[in-house]
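Heads up, the next two complexes both have chain A, just with different partners, chain B and then chain C.
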Partner chain A sequence: MATTATISISSPDLMPGSSLSIAANTTLTKAGVTADLTQMETGVISLVSGTEYRLGPLATEMADDAHDIASYLYICNTTTEDATYYIDWGINETMIGRLYAGDWMFIPWNASDDAAEIEIEPQGGTNTIEYAFFNSDFILPTAAA
Partner chain B sequence: MATLTPTLTLASTDTGSDELSLSVTDSLNITKAIISPSKVALSTGDLTLFAAASYTKSYVYLKNTDDTIAMDIDFGTQLSIQLAAGEFAFFPWESSGNILAKSASGTPYLEYAIFEA
Partner chain C sequence: MATINASVTISSDISSNPISISKTMSMTKSANPAVGLEETTGLRTKKFTATTAAVIVEHDELTDDKAHKVYIRNASTNRANFFYVAYNASAAAAATAETIGKLYGGDWMLMPYDGNVNITVASSTASETQYLEYMVFADGIVAAKG
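Take a look at the complex of A and B:
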């Protein structure tokens, strides 16, 4: 069996005279091989605005070369509030985009080093996200004491 | 104004005893520029795929159409996304920095589309 991601993007009215229909699918595999991914972390979290949070592990919390490839991230902002509510997302202090109510994203994440952490910052008030992180070899942090 | 409907489905029987079957969709208002699915050959040098100055809030679709060669997608100078063979990405972009693309080797084709809200 396998872990798969499938996307479709459609629009009946984006281009005059023709409809838009994009479809793609991929099987999520371990780094550089064809073996299926077997590790996943998923959850739902309510996030208070005014703080930047890290989502997912650091590169050093992933074994071997798993951080360079074969890490996949899905985030959906499930809030139903107005456009003043959104989540800024970025990597290594580089703000990339905004997830408004109902918006989602899916990327194969290249966590090349600890600086390449996924950062999210809710705006407008409490936003709730649904997320899933897939990786072949993430490990739990060592206990502090 | 046009409506764009992106849908993602994640499925797995490997990641737990409870089968994963997640599907999410969105309805996006597109009011400005679009580039419908197009292809470009990459090289090992950075290609400015989307210049920040040319767009505002947008949604970006990328797919590596090659069977073997990986691609790096950077935002400014930050290495952020690696598309292995056949992989895709979809994400909102605030055009805060250029989106750059390059191949790990050779000249594989990147499929791309952008929809400006």
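Take a look at the complex of A and C:
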């Protein structure tokens, strides 16, 4: 059960006289070992602006010590609107960047505790995202009695 | 303006229905998505032989609240070792609240970055040399002050 992530970044004119070509590939594995990841979650969600949402599980929704679990998150903002539409993303109530229309991101994520959740907040109007989350240890919330 | 294209392909057979995600984006300015980014701090490779946290992206070199992109890759191959990567002024360790994640040997990441706080890293090991590659695609660089 292999999960691989490949990136290529190219530009013929960012650095005049030196075309840019970055290529990298990695096989995503459990933390610190070469065993493959075994769990995943994908989705497509339309998000109304003005609200902060959590994406992915809380640390306490992962088995063992969440900080020692290797998790990877892919998000793409599939919106095609203008520059007033974007998604603020961050961790632990700290916004880190803006995912504009058509932009994607791919990061490793290790939650130290529940406060270190992945947060996204759409701006400008309804933004639609595609996402994929890979790890091996998230658990489902217990159903109400 | 420059043309910068970034493509990702993620393939997984975790599910009995294998998935393949493939997406390409053009890196553009926040003020005008029709205009490409045209500045960069350049591609850098740094050797780490200690676990001391280090700043790899200084936010005061970049314009605040813009559509910067940061590419980081652990160029080492040992999956037992990693770099903490954090959005933090000075620290990058397990106890740091703004630690984004652990970049294991061979792993890479690409994230949008607002340029408001430093990006810091720390190697998990001092007994084995690790190499980090990184590059900022900037939506505005602030000229160094004399």
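Following the convention adopted for this analysis, the second predicted complex is superposed on the first by the 140 of 145 C-alpha atoms of A that agree within 3 Å, B and C clash if a C-alpha of one lies under 4 Å from a C-alpha of the other, contacts with A are read in each partner's own complex, and residues count from 1 in each chain.
Simple rule for what comes next: a contact is a pair of C-beta atoms (placed from the backbone, for glycine too) under 8 Å apart; a residue touches a chain by one contact, two chains touch by 3 or more.
If you're wondering where the values come from, they're calculated on a predicted model, not measured in any experiment.
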Based on the superposition on chain A, does the combination of chain B and chain C result in a clash or a fit? clash
Taking the superposition on A as described, I'd like to know which of chain B and chain C A:Asp82 touches: first, second, both or neither. second
Should A:Ile96 be classified as contacting the first partner (chain B), the second (chain C), both, or neither? both
Using the touch definition from the top, say if A:Thr34 reaches chain B (first), chain C (second), both or neither. second
Dual-contact residues of chain A, meaning touching chain B and chain C, are 1-15, 20, 22, 24, 26, 28-29, 36-40, 42, 70, 74, 76, 89-92, 94-100, 102-110, 112, 116, 130, 132, 134
Contact set on chain C toward chain A in their complex: 2-15, 19, 21, 23, 25-26, 28, 30-33, 37-38, 40, 42-43, 65, 67-68, 71, 73, 79-80, 82, 85, 87, 94-104, 106-114, 117, 135, 137
Touching residues on chain A, where the partner in the complex is chain C: 1-15, 20, 22, 24, 26-29, 31-34, 36-40, 42, 67, 70-71, 74, 76, 82-83, 86, 89-92, 94-110, 112, 115-116, 130, 132, 134
Quick one: in the complex, what on chain A touches chain B? 1-15, 20, 22, 24, 26, 28-29, 36-40, 42, 68-70, 74, 76, 88-92, 94-100, 102-110, 112, 116, 130, 132, 134
Can you tell me which positions in chain B touch chain A when the two form their complex? 2-16, 20, 22, 24, 26-28, 30, 34, 36-37, 57, 61, 63, 70, 72, 75-76, 78-84, 86-94, 96-97, 113, 115
